[in-house]
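Alright, structures below, take your time with them.
Presented sequentially are two complexes of subunit A, the first with subunit B as partner and the second with subunit C.
Moving on to the complex of A and B:
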């Protein structure tokens, strides 16, 4: 037969020596150092001759002024480096995504070429013309693809060269002086003033941010990381950059301070909170988005001094601004910034499960920026006492802040609005219910192990779909009132059929008194996790019937029954104090709940 | 016989604390710059970054040492060592806010 000329395979793309996560890691470190340098320079400059309104002709002899001016040179060089690194990271992220597309095209084309070669090998003379036509079409595709890969390689080389040149432009002190004196240098105070009185309006914040140049954004982030990192409406990737800088500067500055003098209690709390968050970020430092190559974790809130030193923090796995499905988890009692392991474990499990569902891109985060009451030290026998020490006050206040946070996520969302779910556990469920009642813009509300909701019906709570996970042997879920009369200490039980939410299947839990708290902490396992995943990805969970009065064990029945079944062994191990606790709870439980009912506003 | 720098009560102690805070923060910044672990960057980029960091971590370290030295000058004063001469008084005055740049030095 005649010869069919089949094009050769398209070779693999050049390897990217620099990756987005490498650039963003450098950027975060540079910015953390810049924040501390800026803090010092701002102090020095404000009291230097340069800020003096009188005669400052003898400023050159003033050591503090000389110090301020010299530090300003370092600051200017770091500003340039941060901006250049941010720009480099953006370009690398685009190049990374493009490389995936090009490599997919290459794999497809090479597959078609292999098929053509096989067809040629099996063909007869009569097929030659048709096969050559196929080969010609593949040759054209190959040429276009090779051109695209060559252009991509050029863009990559340009990105590296321009970044290297930008750093080289400020890698001497003299060049730093030139950068410091640059009349085009951004004054962040001027930029922030353009925000005006719109800081409480996430949509207006988003519009303001969109109007800024990249240099202005970076200047504001480095100057005021605490503002930008917690400002609802600022895109999440910038909030993450600001909060990482704040965490890094806190760890660096306070660690250095600790080395030569004792920290105050507030400083110790701040360092502990910053270190805990830094540990989480470090744990995820190798996890990157498979599409963009950027870091997976995004720190969307960092307020280390809030809530009497417990701190406030929110973090996402994935980027909620671009994900199809966004879910925010609100943990409950015992939750604070310094103890994030359990919280991040639940988020990780849900992110992993939702990501594997294949129903679109997913971002799952937690929000822990409220004063969750502590029940540390309570034994199962003292659960009823919760009614005496836990009130809905913190949930109501937290709910308002949570609603604002969710408004911010809506404002910074890009493209089609994401499917947004809010998942509250324990006291976090009550807080989430308050947020929904305050108008939080969610599509689905998930209440896990809820001790109470502020309204007696789902319809009265929110227009979102309300889903309820409530284990039969979770004592905390039995604190809520069972009907539309007076509420319980934290409100109404959303698992009641009369509430009107959709209760879904969860493991009922162990019927042993020593396992009751564990039952309350097992919603991110097995069937429950599967159902939560369904909700997060826009599907219906497996439904079960809501509670009907008389058809389930109340709190007192559960405490008595589970103690009778397994209490002997457990009580024997723990001694007389616990015996008193269980007996007291049985006797006092009803009394405590009654007092809670009366006290409820 | 020592000399006296005539400034309001608390100004010297406040300045000493501020210089100490500056030292801590600049130490933190310099340590961060000096310990950055570069990863997933090409050799060319790493080289440029390393040069940059060497210059500015060094400069930050110099400024940190200056702040420490300035803080120590005020600490010596707290320890009742007093001001021994005009030159020392002028040095301390130079480390105060510029608003005190012409504070009287008395008792020479």
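Moving on to the complex of A and C:
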């Protein structure tokens, strides 16, 4: 048979030595340094020279002015470095995406070549012409693909070279001075003024942000991280960048300050909250999106001074702006910025479970930016704080803020609108119900262990699908079940059949009084977690019947009944001890008697 | 009885019942005291040993089969429930590796093969990039992507302990995972 010339396989693309997450890390570090420099500059400018008089005052003023100007040179250099890194990150993200496409084409082409080689090996002379024609077509594909890969390699090399050049352009003091004196340098105050009165309108904020140049965005983030990080409508990746800068600034600044002077109570709270958030960010510093290489954690809210020092924070695993399914979890009583262990554990478990399904990309986050009743000690103020658990006031106020936050997520969403679910637990369920009642733009509302809802029916609450996870032996869910048509202190029981929500299967819990609170904190396990995952990924959970009058134990019945069972267990265990003791004494006595008799001569 | 009176009664009853429950729970939590804590500490230690063995055994084998270099890792200590009722502990080690030259499909196939060879029960969930291996209480989850291969190993089901043991476990510092390459 005549020879058929089959092209050789196309080799793999060059490995990208720089990936987007590395650029993001560098950008965050540079921005943290920039924000710290701005903090120091603000401090220097604010220092009063009133402590001195005469020449000493003049000398002090001049020194601080020179110091401030030198800092401004550093800031100008850092601003350019941050901007260059941001551009580099964007280019890397695009290059990485292109590499995936090219690699897919390569895999496909090499597969076709392997098939052709197999066909050639099994062919006869008569097939030669047709096989050579196939080989020629594949050769043409191979040439185009190699050209594309070569062009991609050039773009990648250019990106790295331009990034290095951009950093090298601001690595001397003189270059910093030039940057500081650049008439084109962005004035963040001017940029922020262009927002006008639209800060409360997430859609308008999004449009404003889209109009800004990248240099303007980076300048505003560095100058006003607390504003950008908590501004509903700003894309999540920028909110994350701003909030990380604010966290770093708080930890660094207050830790240094603490070494020199005692912190005020507010500063101590701020440092504790910042440190707790920094720990979470550190905990997830090695977690990336395995497809894009971007950091998994996104800090979407950071307000360390809010809520009587408890702080406000919201964080996502995944990017809600691009995910197909977005879910926001609202924890309940005793949740605050300093105690995120249980909250982040629940979010992680749900993100993991939803990610396994393969039903689209998923971002799961928590929102804890309301004054959940909590207690940090036994002062009258703290006890009064906890006592608010029996009133819906904080839930109502938090619900309004939560609805605004969700409006912001909708505004910054890219592409087709994500499937958005809101999950509240305990007092957080009541807060979530208030948010839904206030028009939060969610597709699904999930109420876990809810002590009450502001309306007596799901239809009166929201147009979203309402799902209810309510364990039979969870006492908190019975707070709202005072009787047919009667609300409890926090509202109506959504697990009642008359409410009209869809109750789904959860473990009923243990019928021992000492386990009742455990029953209330077990919704992110087993069947319940599986059903929540179904809802988050757009499926129906396993339904169960809602509560009918007379078909369930009321709160007082549960407490009395479970106490009786636990008391019986207690007596039984102590009874066993008593029996063991008596038997042991008898056996010991008999044995001693027998041994004595044996020894008796 | 007016609606206001009924609400007042409901609120009063609720407060009394919650106070009663707190008292009962407090009594119940101290009933078995230190002996249970010692048993729970032993259970936690056994879990940590199992996870460490999995890391040094099957996870190393998976990484070698995938040809992926270690990038970094964190060991997370968490309780299962909420701060007022932690219930037990969960340990999670997150390990990040460079992307596998085998590609996503090749990497997941190779990971499944290694897990099976070492006696782990293997599950392939709906996401084709994920492989899950289970042995006893320990689970290894492998997720391969073009930008990274990530492995999580730990106990997905809560290891029940006393609340005190769970709190002490969760109070541990975040730890970097030490990983020595075979050549070092």
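Basically, the second predicted complex is superposed on the first by the 525 of 601 C-alpha atoms of A that agree within 3 Å, B and C clash if a C-alpha of one lies under 4 Å from a C-alpha of the other, contacts with A are read in each partner's own complex, and residues count from 1 in each chain.
In this text, a residue touches a chain if its C-beta (ideal position, glycine included) is under 8 Å from a C-beta of that chain, and two chains touch if they have at least 3 such contacts.
This one's a predicted model, so the numbers in the text were calculated from it and none came from an experiment.
Once the complexes are laid over each other on subunit A, subunit B and subunit C both fit without any clash. When the two structures are aligned on the shared chain, A:37 is found in touch with subunit B, with no touch to subunit C. By the touch criterion defined above, A:357 reaches subunit C but does not reach subunit B.
In the superposition on chain A, A:253 makes contact with subunit B only, while subunit C stays out of contact range.
Of the two partner chains placed around the shared chain by superposition, subunit B and subunit C are both touched by A:19. Shared-chain residue A:67: touches subunit B; no touch with subunit C. In the superposed pair of complexes, A:495 makes contact with neither subunit B nor subunit C.
In this overlay, which is a superposition and not a single complex, subunit B and subunit C have their closest Cα atoms 9 Å apart. For the contact definition in use here, the residues of subunit A common to its subunit B contact set and its subunit C contact set are 19, 21.
Across the complex, subunit C is touched by residues 12, 19, 21, 96, 99-100, 103, 107, 279, 282-293, 331-335, 339, 341-342, 344-345, 348-349, 352, 355-359, 390, 426, 475, 479, 482, 486-489, 512-514, 516-518, 520-522, 525-526, 555-556, 559, 563, 566, 570 of subunit A. Those residues of subunit A whose C-beta lies close enough to touch subunit B in the complex are 17-19, 21-23, 25-26, 29-30, 32-34, 36-37, 39-40, 43-44, 47-49, 51-52, 56, 58-59, 61-65, 67, 70-71, 73-74, 77-78, 81, 160, 163-164, 167-168, 170-173, 176, 248-249, 251-257, 260-261. Within the complex, the subunit C residues that touch subunit A are 6-7, 10-11, 13-15, 17-18, 20-21, 24-25, 27-29, 31, 71-74, 76, 78-87, 90, 92, 94-96, 101, 103, 125-130, 132, 141, 143-150, 152, 156-158, 170, 174.
Within the complex formed with subunit A, the subunit B residues making contact are 18, 20-33, 36, 38-45, 48-49, 51-52, 55-56, 59-60, 63, 66-67, 70, 91, 94-99, 101.
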